[in-house]
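Paired with chain B in one complex and with chain C in the other, chain A is shared by the two complexes that follow.
And now, the complex of A and B:
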């Protein structure tokens, strides 16, 4: 498997070259190009032996993650190598994260794709944490060994965390397992915190790595949504 | 004529210097700035019927011709989307294009609507744009543009193909085999066949619009 990140500027995308027998998984709407020998299967996130009910629950969970209900799986069907291109919706970078010695936890909307060897698990954040973090209710945990692709709105930066860090809601992409977070207020008191416009933030404790995005998609959505006529559905 | 594409690939803009008497035909709305020596002229090229056909192809009814008069002149031309610009020299040949990708041209090039039939109803729209002749053609993308040399066949998701050579043909197909795939619009894909060049953009305006949609207020019942 070979992953070429095509642009690190405003419009990042990735082309994944798969050898026979290799598998790659992506968020269902992410594929924009593929060689014609690529077999594309749409599956919901389900754990083994959980059956339809498990699939349904997993689907509902990932819907709350701001992620498509389903994931797509790609493999070639003719014993030849093939390629599949993945692109996010927003302007921004795409990054490759190697999962192995570290397990990564990704905010729902930042997950773009991962190699078939990576195990994905959706983690429900709870209403309080998930509802207020601005990152969605569900995070995607990527463990095992392989490559994980994430997308960011704007520029993606890597931060080494020693002891802790505070991240504004809406800017989180992914963090290493071992870091714990709580939702809290940015400033000293609730009023100054709300007045500052920062509102709620994610307070991380521990040591590890975090990827953050320079812009918060929710703010663009809010700004555009307010300018558009109301919807009826 | 001399040109330079600046700020590519993310915010590409075409900067063109016309010698006296030279002209460029530009998609209305795409002229960003120009010298005072550049004179615009708006016409319904090819008459009413051609204008109507262009209109149906997602392009404008009128064509704007910009000519340098009384000296050379500079003109800046920008597409509606932020993204890249592709230059293609046409030598008595035809390429097809997604509605809205056309930016400008020099020389003897005709743009007209092409009937994509019902297969097109699921793709970019019922009608595409047919561009043929001899000259220099510029078209734009949303996001980066990637050139793919198709030998045999290639798959592009609905909404990402920008332009393709006339030696390629395409059809709309379903990608997944699972029954539930009908739930997803993106499971309709364009399959290109033949040998030729295909240009693909890395972002989809439709996907962005679909993402913004839930941020709209919900209409209250009393409205």
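And now, the complex of A and C:
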């Protein structure tokens, strides 16, 4: 398997080259091109030994993670290599993360795709943390060995965390398992947190890696929304 | 203080390395990540009425977020809209920036809203602009890329595309040639700058983007 990330900058995308027998998975709707020998199937997110109910639960949970109910899987059907191009719906960069010794946790909506060898699971963040982080109630956990693709709004940066970091709501993409976060105020007091305009932030503790996005879609909504006509319904 | 602007022209953001007790003042909401030791508080920029005036007419906030620590730390901030971030060094001089373009500054910098005069009503930039003066670093942002241009003589800019200009420059509003080209070129009114100094232009406007998007929304 070989993954090329196209056009870093405003409109990132990825091309995955699959050898015979290899499988790649993406959220439904992410494919924008494929070679003619690429077989695309829709799969539920259930794990092995789970029935229909497991599939339904996994689908619903991933919708809470801002992801699609089903996954799309890609395999070549003729013992030749083939390629599939994947792109997120919104503007921003795409990054490849190698999962192996580290397990990664993606915030809601950040997961784009992964090798078939990666196991995907949903991780409920709790009502308080999930409700206030602005990153979704459910995160996607990617473990095993292989490549993981994430997307972000704007630029994506990798941050090495030593002894913690504060991330503003709306900027988290993914982090390594072992980092713990709490939702808290940005400043010393509630008033200064609100007045500094940051309000709530995610405070990470421990050591690990975090991918963050430069821009907050909520703030763009605030800036652009004021210039758009009111919704008709 | 060291800074590094990354991601221009699409998604500009600024990494700041604050030394011990150095302070940066940022537009509310613009901080995206920081060292966990940094203290965040807020500060009114200038006097009460000046801050109020700037909020009402300058498209800016009453308070700015204030970040510092006795041991220093790192911080990253970004504007709300996609586009470029520009740095401007002030050493007892002034620059005019358009309402809403302010992003951050160091404590020695003053920002005040100023009536742009009758002609400003036709500039597509709002009737008020921000006059930034003092000593220190200023960061402002655009929608789209920022083009820096050294003017010596006359220079024409379409209304809505000016982000900042040095006060040594003056402008007047006019049509583009005769009435026919004014009406039919799609440019309408333009700003003709004259003098010697720097001007910063944005390659897109958020109003233009919104009106392009509006009929396509369902």
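Here is the rule we go by: the second predicted complex is superposed on the first by the 220 of 233 C-alpha atoms of A that agree within 3 Å, B and C clash if a C-alpha of one lies under 4 Å from a C-alpha of the other, contacts with A are read in each partner's own complex, and residues count from 1 in each chain.
By definition in this document, a residue touches a chain if its C-beta (ideal position, glycine included) is under 8 Å from a C-beta of that chain, and two chains touch if they have at least 3 such contacts.
Given the structure is predicted, the values throughout are model-derived calculations rather than measurements.
In the superposition on chain A, no contact is made by A:178 with either chain B or chain C.
By the touch criterion stated above, A:144 is placed in contact with neither chain B nor chain C. Of the two partner chains placed around the shared chain by superposition, chain B and chain C are both touched by A:10. In the overlay built on the shared chain, the residue A:116 is in contact with neither chain B nor chain C.
Using the contact criterion defined above for the overlaid structures, shared-chain residue A:229 touches chain B and also reaches chain C. Contacts of A:206 after superposition on the shared chain: neither chain B nor chain C is touched. Within the superposed three-chain model, A:214 lies in touch with chain C and out of touch with chain B [touch as defined at top]. Residues 9-10, 91, 222, 224, 228-229 of chain A contact both chain B in one complex and chain C in the other. On the chain B side of its complex with chain A, the touching residues are 9-11, 82-83, 143-144, 146, 148, 152-157, 160, 175-178, 180-181, 183-184, 186-187, 189, 191, 200, 202-204, 207-208, 211-220, 223. By the touch criterion stated above, chain C contacts chain A in their complex at residues 6-7, 10-13, 26-36, 38-42, 61, 63-66, 76, 78-82, 206-207, 209-211, 213-214, 217.
Residues 6-7, 9-11, 13, 28-29, 31-36, 38, 40-43, 68-70, 72, 85, 87, 89-91, 217, 221-222, 224-226, 228-232 of chain A are the ones that touch chain B when the two sit in their complex. Residue ranges on chain A touching chain C, taken from their complex, read 9-10, 91-92, 154-155, 157, 159, 163-168, 171, 186-188, 192-193, 195-198, 203-204, 212, 214-216, 219-220, 222-224, 227-229.
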